[in-house]
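Look at the two complexes coming up: chain A is in both, with chain B in one and chain C in the other.
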Partner chain A sequence: MSERIPAYRLRRQILAGLILAVAYIIVLGPIVFVCIASFDYGARAYVIFPPERFTLESYWQIPQRYWDALWVSVRLAAVTMVAACAIGIPAAIGVVRGRFAGKRLILTMFRFPLQIPSVVSGVAFLQAYYAVGDWTGWHGVGSFAGLAIAHTFAATPYVVGTMVTALQRFDDSVEEAAVILGASTMGTLWQVTLPMLRPGIFAGALYAFMVSFAEVPMSVFLTGSTLLTFPVEVFNSMQFDFEPTILAISTLVTVVSLFVVWLVQRIVGLDMFVKVGAAD
Partner chain B sequence: MKALQRLAYALVLGGAAMTGDPAFAGQFDGVTVRVATFGGKWRDVVAEHVVKRFEAEGGKVEYVLGQPSTNVAKLIAARGREIPFDMLEAMDNNLPALKAGNFIEPLTLAKIPNVGQLDKANYDADKVMIWVTQEGIVYNKKAFADNGIPVPTKYADLTHPKLKGKVSLPDITAGGAMPAIVGMAYEGGGSETNIDPALDLVRKIAPASFWSSSSNLQTMLVNGDVYAAGAQAGNVQRLRSKADLGIVFPRVKDKNGVLKQGYLVQIKGTKQSDAVHWLINAFLAKSMQMAVFHEAGQVPVSAEALDDIRKGGTYDFLRLRPEEIAGMYRIDFTKVDEPAYVQKWNRRVSR
Partner chain C sequence: MKARWELILIPPAVLSAAVLILSQAMFLKGSLHKDLGLGRLSPMMSLHNFLELVADSYYVESLWLSFVCSAAATVATALIALPVAYILARMQSRWAAVLLSAVIIASFITIVIKVLGLLLIFSAEGPFNSTLKWLGLVGSPVAIIGTIPGVVLGLMYYTLGFAVLLFYSVIVTISRSMEEAAEIHGATRWGAIRQVVLPLCLPGLAAGALTVFNVSMGGFSSTALIGGGKVLTLPIIIQRTVIMETNYGLGAAVAVLLLCTVLAINVWSSIILMRTRTGGLV
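== the complex of A and B ==
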């Protein structure tokens, strides 16, 4: 005889399902809207939904400047990810494991970039780069390195945040066991500590990549005549007029992002984000 | 033989003069000019109708893209150092900051012969106007007729009960904000120095939304989410095939409607002054001025372009005669305290 689900449990399941459905609609709705609307094309200044016809014309007409800007953003995000991890991982290990006064203060300082509006950071970097240019002859405004430094400033707190969370949940006894069994300090770090921290590292790296890729307020001030990031290029286009090709390139970026998420799931599993938690 | 040579030189010079370019081909070999201007489609228009011709003269243009206010911020940050660009496309509201910061290099108008096509009020030694937008109330004729709403003649008409939830006004950050705010201020007895009547009217209108970009507004107008909006006439032109829109220009002081103006200025410290003058002249050439209208949706300022547009199509919703354009209000931005107005807006126009 089959068991009947109790009524209260059924109600809870239905309610949970409804809440989940609403959450999915809110989160995914705009993305689905953009994807569907991208399959229409015409010389117009507004979005048509639902599309009046189905065509890939928007995709064929994507201007070269969007591809160039996308490539700049991908490279910049990759460099930012590496730099933010190179700074954030050792910093987090040092802050969590270290025994010194002012640990909380140092951790708070690492979160400062999150508290400062990005526009303010952008103007500050603009001024700083001009001052540095006067002093050293190196001009950061409009340079890849200048953008990378600014993006690393914005992304490092996310790496520090995920790593601190991962370290606070770390079981020290595993490291102690490795040391007791004869492993060197560096050997323990490379073969025990970092592999166990891998979910946190991946999470922090992915956040850093996403933060850099989507960054607009600072980049608006720091991009130059020959160096434009993808979000800034799209932002500048949208400020003046609407182009249907924006929908097409955005859909392509979404598809690639979904592929990356799938890849992450295959490599480390997405549940690491739940374990590690958000950056702040 | 010498006479023949002289004749040949004269023919070459005469031919060059007739092209309308006050210079010879190839004269800008190795010259790069940094132009601060809008991105997106506008850049394409500039590239097609101005930069291509400059490149044919051997020159090269590097774009510094962004809103004028962002580019002005870059200029301020670079004060006392190498300038970030040689030429800036600015709007009327940027001029006081540029003047106060001593960023403008005066122009030699003799090197810009196409200014002869402009009304004298549209240029001076510091700046040359290249386009205007005509700001008023854009409305959906069919929606108004179907719902029995009288055609608005002033901003206060947007408080009509049947327009509740069907009006959009520009957000304080939008380019069309100041024209609408100043227009509403004058309507309520205020001015550029007193926008309180405008903020009161905005609260009374209780718009359904505050648009921040033209594409955002145009989507709402086409979808019927909005029947009326404080916006510029270019929206009527761009959406003609999709919606039957009209525009009214409310009384502002002793004028009708408000003009928003786009200018080109030469930046102090530029080493490419000749090239900058050449480019400004090219912006005023007929092909670019016609492109300003047909491709970018703004109103040109060149007399021959305006004349062609009047003759070429039905644009009765636009002010295309010089006396009509002169009858539109120009905001005195020296009296406008934008940062203070933004704060007032944020405090009093809650969203």
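== the complex of A and C ==
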């Protein structure tokens, strides 16, 4: 009997390992494949596998417009991140700490943009910007600010989600101890509360940044001919004129994203991300 | 300390409500104006656009196609995400954290890059078709561009990452000792999963699956790229009507149709969760 248990365990582990291996090949396959193919630059419109050669040629050929689009996306994601935190952090604190009726309703309102398909939001902002343009003369379509407002709208629910999770885990007695020991309200906020909420803030900020950085549907409606974000630039290139340099720039973006997300995960821990995924 | 925390809620709440209501009101209003061509809208309000949605089978068929693609994508996603989520939730080694983190990282990469990889894998000379050819299964290469299975595959990649996280967070709340107890009492591993774990997390998994379905209903980028203008789901029709045909009124009406469908499914999923979960803010 005692010898059979490890045999069962072993069989289970092999089965589990096989399932995981197949699943991860499926999940990560396309991403890894883009990276592999980027080193196999040739004058053909398709990519063959296994790669015939290894060259950095496509990396040197990356056209300026991809770098421009990447710079737009990075700035946009940074602005979105700051704006989403400025709205989402006080919102979450107010909802969790405040004493008022209708909390659930307010929280539903903050989460509501998650329920709206991005294409619908794209149409909504397009028409809202046209209307606002008629009234005030400010035209949001094709402008950086117009994109930033729409991206902030989509990203704020993620900040609210991570912050609500972080606040609910928070032990109120630590704050009370600080006050008893003589800290002022502001002092408690800056020296006790905010540092303890840091994982929630970091995770929310990362979500906001990446949601904006990866966003396509709204941006398709709201980017003009001159102001293109990186995913929209790749999207357009794939629809109209595929070229191997897309693979190179996509690989660079993937590697940098990997590193940033990994770094933030190391700082804040995994559970922050898992819980927000569940709150979506 | 009796701080009035609800006060700091006021500016973000007012701002969010303003943006939400302004944008939604504008497009709801837009859907009530008939298109006059060249992007101009009739000043008169009417239900003309909605009548057109009902009258033209094109839109009803598109809604149905969106349903079929999303349902198939949800099943495909669940078939991969559920076993992975279960194994990761029960894994005791430190590899679990590494594998989970890989899923999170993958879900942050823009879908456009994933679709790029899919198109390479499934291209005529790509590894998928060369393997099939090598095995002698097909004469001519199998294409995914412009096909419904291709679109379903794209939607699956769109939802796979967060589906794993969603299911993981449900399964991880079910104590491992429940399964062990079942096994001690003679249940097989599969029996313990089927009779103990599954009933316990079914509401959470069902709600998760509905979320995946909803996200697929709104899936745009992968469908636009893989569908190649041949698979016209609702999000694609919205984009074409608004951007290519500049029929803002009609496009808004189709968007209302998509929004209402998605919201109805959301309400349904909340009801499932509320029946089983009581109390708690979130």
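Just so we're on the same page, the second predicted complex is superposed on the first by the 235 of 280 C-alpha atoms of A that agree within 3 Å, B and C clash if a C-alpha of one lies under 4 Å from a C-alpha of the other, contacts with A are read in each partner's own complex, and residues count from 1 in each chain.
Rule of thumb we're sticking to: contacts are C-beta pairs under 8 Å (C-beta built on N, C-alpha and C of every residue); 3 or more make two chains touch, one makes a residue touch a chain.
Predicted model, so just to flag it, every value in this text is computed and none were measured.
The superposed arrangement places chain B and chain C in clashing positions on chain A.
One of chain B and chain C touches more residues of chain A, and that partner is C. In the superposition on chain A, A:220 contacts both chain B and chain C. In the superposed model, A:82 makes contact with neither chain B nor chain C. Of the two partner chains, chain B and chain C are each touched by A:123. Look at A:99: by the touch rule set out above, it reaches chain C but stays clear of chain B. Once the two complexes are laid over each other on the shared chain, residue contacts for A:141 go to chain B alone; chain C is not touched. By the touch criterion stated above, A:133 is placed in contact with chain B alone, chain C being left untouched. After overlaying the two complexes on the shared chain, residue contacts for A:240 are found with chain B alone; chain C is out of touch.
In the superposed model, A:196 makes contact with neither chain B nor chain C.
When the two structures are aligned on the shared chain, A:176 is found in touch with chain C, with no touch to chain B. Of 6-14, 168-176, 240-248 or 312-320, the chain B stretch that intrudes into chain C once chain A is superposed is 168-176 (criterion: clashing C-alpha atoms).
Counting contacts as defined above, chain A residues 46-48, 123, 126-127, 130, 220-221, 235, 238-239 meet chain B in one complex and chain C in the other. Chain contact summary for the complex, chain C toward chain A: residues 1, 3-13, 15-17, 19-20, 22-24, 26-27, 30, 80, 83-84, 87, 91, 97, 99-121, 123-127, 130, 157, 160-162, 164-166, 168-170, 172, 189, 211, 214, 217-218, 220-221, 224-225, 235, 238-239, 242-243, 248, 251-252, 255, 258-259, 262-263, 266, 281-282.
Every residue of chain A that touches chain B in the complex is listed here, in rising order: 44-48, 63, 123, 126-127, 130, 133-134, 141, 220-221, 223-226, 228, 232-233, 235-243. Put simply, chain A touches chain C in their complex at residues 12, 16, 19-20, 23-24, 26-34, 37, 46-49, 86-88, 90-91, 93-100, 103-104, 106-107, 109-110, 112-113, 115-128, 130-131, 149, 153, 156, 164-165, 168, 175-176, 179, 185, 188, 210, 213-214, 216-217, 220-221, 231, 234-235, 238-239, 246-247, 250, 253-254, 257-258, 261-262, 265, 270, 273-275, 277-280.
Put simply, chain B touches chain A in their complex at residues 34, 38-44, 62-67, 70, 73-74, 77-78, 81, 84-85, 213-215, 218-219, 221-222, 238-239, 242, 296-297.
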